[in-house]
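You will see two complexes here that share subunit A, one where it goes with subunit B and one where it goes with subunit C.
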Partner chain A sequence: MKNAKKVLTFVLMDAPFESSRTATALRMIDASIRRGFTVNVFAYEGAVLLPFKHQQAHGNLVHGRDVEEEDHPLPREWIHGMIALAKKRGASLHWVNCGLCVDERGAGDAIDGVERGTPADLWKMASESDNTLVVPTA
Partner chain B sequence: MKHLNIVSSGYRATIEEQDDTVVWITHCFRNAGGEIDMLLSGAAVNYPVRGQKVAPVTIGGRAQKHGPDVHGQVRELVGKGAKVYAVREDVEERAIDSRKLLQEVELVSRDDLPALLSRYDRVWRW
Partner chain C sequence: MRELLIIETRDAGDHKDPERVAALAAGMRRAGITTTIFLAENGAFNSRGNGLAAAISEGVQVAVDRFALDERAIDQSQLTTGISVADIELVVDRLADGACVMWR
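Coming up: the complex of A and B.
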């Protein structure tokens, strides 16, 4: 595969359900995996809650739909799906949550496959990547 | 590898975090051996102004007695050998007296940013 050895690192900062930047970034990560890139993600600050295990879908009275009909998207499900997709394709999605940011937010209960790390891990990942994209919060 | 971090938003969550998180991570990179400098833009150009301090804040009966020292973070970064730049026009638009800035901070006009950025292998805008 042409891009099999390319490595991209993404840095995310926004908390879930707050910004369309996150959905755009996750779409880019998804596309990168599908194209065979090895992908690192460093979740900083509120972004450590993106893979939080206890996110729950809900119904919506305004929409007149129950939980099932609403089919509310959850970032943890997207991330779980992308980790599985990477494995299936022989690629890699290495998701690292900033440990201190996790502690501040009590966000330790992450889905399987999410690791805890430090800014030094980000520095190492970026140094070994072909490119890095920071998606900061406003 | 020369790296430049651009701080684009000033005083972002500094009370909750007790620091500017981008300046903080810049320190982390520096401590990890990175050759890293910093460009302050927007409201962050106020960081190098000397004499600023944060009064204690009380919320819900809990007093936070020591506030974030963002100026000190920048000063310490300079002390570690990092170059710190600030966008000149952002300083002027805020009527900040440039004589009150840390003297090590270099003002760079917007027109000169492309030349500055081209000196770095990696530029991250936060």
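Coming up: the complex of A and C.
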């Protein structure tokens, strides 16, 4: 295993349910936690809706599946799971939503563990990280 | 810069830019920089055919995301010679080691 004290920052922009980039980026964040790294996430623009508390799963009428059968994935559940995983593993996931982007979208009701911040937080995260990956929108 | 990792997520059949990324990677390699292209998402389609052969011959390392292959039912027997299969941890470890990582 790599040095457990490494600090990585990920910068996310894409809104949920729109791009494969979200799943790929969250896989990287998950893998970083499993390495024992300290992980920072700065979410801005549509990405502030990734941990939005009121996301709801739905069935699929076209294929005749109810909510349980459809098992629709929800990013808020993935993020909740990663926050819990980080605690369990003694790692850290520090997720900050851009406050202006949150206000624009009425996305203030996020799951527990998500903080509100500003671009200054991103600057601080990047300054204190071993590396930073910007995941641009498609 | 001592090492460059480029994450290519686009299918060369849909976009021109993966060709330019391959040329960039080859140029960086010629400049003496260890360079890897990681094919993720629809970039996994570029693991077939000859689009990356020139870059590989220049010494660029190319790996394709196992998850992306599985999602697209691309059999590993179809991969271009010189392209390896890797997991997402490749990116995480390169980040931790201080590589410059570009997402395309």
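We adopt the following convention: the second predicted complex is superposed on the first by the 136 of 138 C-alpha atoms of A that agree within 3 Å, B and C clash if a C-alpha of one lies under 4 Å from a C-alpha of the other, contacts with A are read in each partner's own complex, and residues count from 1 in each chain.
Assume contacts are C-beta pairs under 8 Å (C-beta built on N, C-alpha and C of every residue); 3 or more make two chains touch, one makes a residue touch a chain.
Only a predicted model underlies this, so the values are computations on that prediction, with no experimental measurement involved.
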{"item": "Which of subunit B and subunit C A:Lys6 touches, first, second, both or neither", "value": "second"}
{"item": "Contacts of A:Pro119 with subunit B and subunit C, given as first, second, both or neither", "value": "first"}
{"item": "Touching partner for A:Ala86 - first (subunit B), second (subunit C), both, neither", "value": "neither"}
{"item": "Touched partner set for A:Thr137, first subunit B, second subunit C, both or neither", "value": "first"}
{"item": "Subunit B versus subunit C as contact partner of A:Ala15, first or second or both or neither", "value": "neither"}
{"item": "Partner chain(s) touched by A:Met28 [first = subunit B, second = subunit C, both, neither]", "value": "second"}
{"item": "Shared subunit A contacts, counted only where both subunit B and subunit C touch the same residue", "value": "134, 136, 138"}
{"item": "In the complex with subunit A, residue positions of subunit C that touch it", "value": "9, 40-42, 65, 67, 87-89, 91-93, 95-99, 101, 103"}
{"item": "Complex contacts: residues of subunit B adjacent to subunit A", "value": "1, 8-9, 12-13, 17, 21-22, 25, 28-29, 31-32, 34, 122, 124-126"}
{"item": "Residue ranges of subunit A in contact with subunit C within the complex", "value": "2-3, 6, 8, 20-21, 24, 27-28, 31-32, 35, 37, 130-131, 133-136, 138"}
{"item": "Subunit A residues touching subunit B - in the complex, by the definition given at the top", "value": "11, 13, 44-45, 104, 118-120, 122-124, 126-127, 132, 134, 136-138"}
